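First subunit A sits with subunit B, and in the next complex the same chain sits with subunit C.
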Partner chain A sequence: MSEQIAFWMLSAIAVLGALVAVRKRNLIHGVFALMIFFAALSVLFLLLLAEFIAAVQILVYIGAVGILLLFAIMLTERVTGDDDRRMTSRGWFWGFAVAAAVFVILLLPVIQQLPSPEAAQTIDPSVKELGHKLMNPYVVTLEVLALLLTAALIGAVTAAQGVRMPKEEDSQE
Partner chain B sequence: MSLDLIRDILIATVPLLVIFPTLFAFTTWLERKALARIQNRVGPDKVGVPLTRYGGRFSLFGLGQPLADGIKMLFKENIVPRGADRLFHLLAPILALIPAMLVLCFLPLEFPWTKSLLPVQAFLLDSAVIFFFAITGLNTLAVFMAGWASRNKYSLLGGMRAVAQMVSYEIPLVLSAVVVVMMVGSLNAAEIANAQAGWDWFVFTPWGLAAFVIFFIAALAETNRSPFDLPEAESEIIAGYFTEYSGFKFALFFLGEYIAIFAISGLAVTLFLGGGSGPGVAMNLVDQGLATERWVTVSAFPGLAVIWFLVKIFAIIAVMIWLRGTLPRLRVDQLMGFAWKFLLPLSILNIIVAGFAWHAQQQASGTVKAIIWVVCLLILYATAKGLDQLNRPNVRPREYKYAE
Partner chain C sequence: MTLHHYLILAAVLFCVGLMGAFTRRNAIVVLFSVEIMLNAANLNFIAFWRYSENPALLHGPLFTLFAIAVAAAEVAVGLALVIAVYRHFKTVDLEAMDTLREE
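And then the complex of A and B:
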């Protein structure tokens, strides 16, 4: 019973957070509303006993993505602070259609098996199990992902460095 | 929800919310007193037992000062700048306090009254260490929120400095903790503390020592303590994100900062300094077959493990205060260079060294183990020295062009 109450409260908070994040004109307010949404989602994961996913949700989405968004906003001129200009929302119909289509496609497998099978009891989402899985059968995948991220990091550093113009003084030293 | 569960939750959480703010009050007094002694001053010594006629006469080394400060803060005017974002200006101090308070429950503090409480068992999560880092990271947001909501140049500068600093130093912080997690094979804070029963603390191993030093430095930066107090540098940007805060909001920030210091010191104690182990506390009974639960200690009297835990936290805080009294503040470029060019490579190498040492140690005898340890120590020391030499600024004696 208490889990039901918690679920509905958290869902309401998540939906409200997402709505505010979309509707707010002030971008900083929007980012913080988005973080409320992420936090509610993380607690929902915790409610499903997926503690690792909950922790990663906070770590990655609030800790990293949120900060990145704030950085991007602060480094972009003309969007800092209150902005009362109307955001252009042409093509809202197509946007809505695409969003609805994605939603339906994602939900389709769930809808098809609708009296949902009671398989959740056998899943053991413990961190230990996850760690063993990551280190044993999926270690190659993990390493490939790590390599990809490293490549992305090096690429980002190279892009940030920019093209260095050869100077006369540099060549002499 | 049954009433029993609510009662258990209250028993588990209320002591944390009482003990740590009380310790915060004591710590402010300790810090002011210690800093004053370092700077050849006396520090607070007038406020005595409050609300009695002995107020002035029995001053008790000024121990009543935090109480007087608290009352003063409550009655101060709450000033919000006209251009400020009023909602965020109000929310920021609260957001600063919540994560700090929240992570306290992940510390393996074994209070005598929480032996068999269900909520306490629930917080001994298998991924407690990850949760700790995830939630402490939220502090960055509060600082940014405060800096942005104040609508003040200095506040925003302080906020951005804080974000850059905290994001940079979180990496060495987490990587240094990885070593301990690797060695124990668990992310559970209680199991990590239990693995260091007796005097098998991780500081006493080469990789543990290196990781502890990195962790301590990164923790200083993470909590904006001197010498990493750039976000709130009084002399440069007028207290940074604090600039537009007064009264009780400022007190909340102050409280949040100190609770965060307690929490991160508590994590350092858990990871490297053996948790609640110490003279008079027997731990690791699970391996000896004397207990079935994960976290069971037998101490000379109830609560001794908690007392050792808090004593270790205060030892760390004493070093922090000492550093604040002696070290000058870093420059921004030095700060970033130190995190990315020194701490990060060193902590990555530390992980590799620890991994190899763990494998080499598996079936090694005493002497082989000692040799492995010496080799590890030498590698780590040489790397630290090499990184130091590599990052030395290329300063030549000043050349005068026009003046002789």
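And then the complex of A and C:
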């Protein structure tokens, strides 16, 4: 019973947070709504007994991605983003239509009433076991991922640094 | 709570993200939307793992872990590109970035 109450509350928070993040004109408010969405999702992971993923969600998304987004907003546009101009893109109607169509397609298994499998009652997702799995069968994936993160870091620094062009010197005030 | 509840929630979240990615003009909001979609997919992974035959294999958390790491790399590169584009165009409005379009 308490699990159901928690599920419904967290779902409402997550959906509202995502909607506000996507529709809000003020980008800073949008980032905070996005952080609320990430937190709600983290607690949903806890509800699904994936406690390590819940912790990683808070660490990576709220801690790193949210702050990174805040920095990017403050480094670029005025905080309110597209103030007096229109907020949605040309062809927004087709965007809504495609999103609705994808929603219906994703819901087809539920409409067709496929049987829902039972949840395993006893589950022991220990962090220790996760670490063993990462070291034994998935060690190549882990190394590739480490390489990817390094490459992404170097690429991000290089891209954000930009190329020094002579034109750029003139336009600086 | 059945698996369907979680699948419907993930579908709703994914479509909210899709709607944002398709309808907003600000490049940073499009990045938000991509993050929302990735999180919805992660929720699906974890829900399927929880309701799977053999959760002791830990396939769901492992894949979600990898997906989170790739998403972190993606958002770092994406924001660096947004900043680079901003330096060039002086805006993050996606409709202003139409240099490659044939008039």
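In this text, the second predicted complex is superposed on the first by the 122 of 173 C-alpha atoms of A that agree within 3 Å, B and C clash if a C-alpha of one lies under 4 Å from a C-alpha of the other, contacts with A are read in each partner's own complex, and residues count from 1 in each chain.
Simple rule for what comes next: a residue touches a chain if its C-beta (ideal position, glycine included) is under 8 Å from a C-beta of that chain, and two chains touch if they have at least 3 such contacts.
Note that this is a predicted model, so its numbers are computed, not measured.
Asker: Thinking of the overlay built on chain A, is A:V15 touched by subunit B (first), by subunit C (second), by both, or by neither?
Answerer: It touches subunit C, and subunit B stays clear.
Asker: Using the touch definition from the top, say if A:L145 reaches subunit B (first), subunit C (second), both or neither.
Answerer: Second partner only, subunit C.
Asker: Does subunit B (first) or subunit C (second) touch A:I154, or do both, or does neither?
Answerer: neither
Asker: Between subunit B (first) and subunit C (second), which, if any, makes contact with A:S2: first, second, both or neither?
Answerer: first
Asker: Comparing subunit B against subunit C, which has contacts with more of the residues in subunit A?
Answerer: C
Asker: Classify the contacts of A:I67 with the two partner chains as first (subunit B alone), second (subunit C alone), both, or neither.
Answerer: After superposing on A, A:I67 lies in contact with subunit B but is clear of subunit C.
Asker: Does the superposition put A:I58 against subunit B (first), subunit C (second), both, or neither?
Answerer: Only subunit B is touched by A:I58; subunit C is not.
Asker: With the touch criterion stated at the top, can you tell me which subunit A residues are shared between the subunit B interface and the subunit C interface?
Answerer: Looking at subunit A, the two contact sets intersect at 52, 56, 71.
Asker: Show which residues of subunit B lie in contact with subunit A when the two form their complex.
Answerer: Subunit B reaches subunit A through residues 1, 88, 125-127, 130-131, 133-135, 137-138, 140-141, 144-145, 148, 160, 163, 167, 170, 186-187.
Asker: Sort out for me which residues of subunit A touch subunit C in the complex.
Answerer: Subunit A residues touching subunit C: 3-4, 7, 11, 14-15, 18-19, 21-23, 27, 30-31, 34, 37-38, 41, 44-45, 47-50, 52-53, 56-57, 60-61, 64-65, 68-69, 71-73, 75-77, 81-82, 85-90, 92, 94-96, 98-100, 102-103, 106-107, 109-110, 116-120, 123-125, 129-130, 133-134, 138, 141, 145, 148-149, 151-153, 155-160, 162, 168.
Asker: Which residues, counting only subunit A, touch subunit B once they are in their complex?
Answerer: Per the stated touch rule, the residues are 1-2, 28-29, 32, 35, 51-52, 54-56, 58-59, 62-63, 66-67, 70-71, 74, 126-128.
Asker: In their shared complex, at which residues does subunit C touch subunit A?
Answerer: That would be residues 1-9, 11-26, 28-29, 31-33, 35-36, 39, 42-43, 46-47, 49-53, 55-56, 58, 60-62, 64-66, 68-77, 79-84, 86-87, 91-95 of subunit C.
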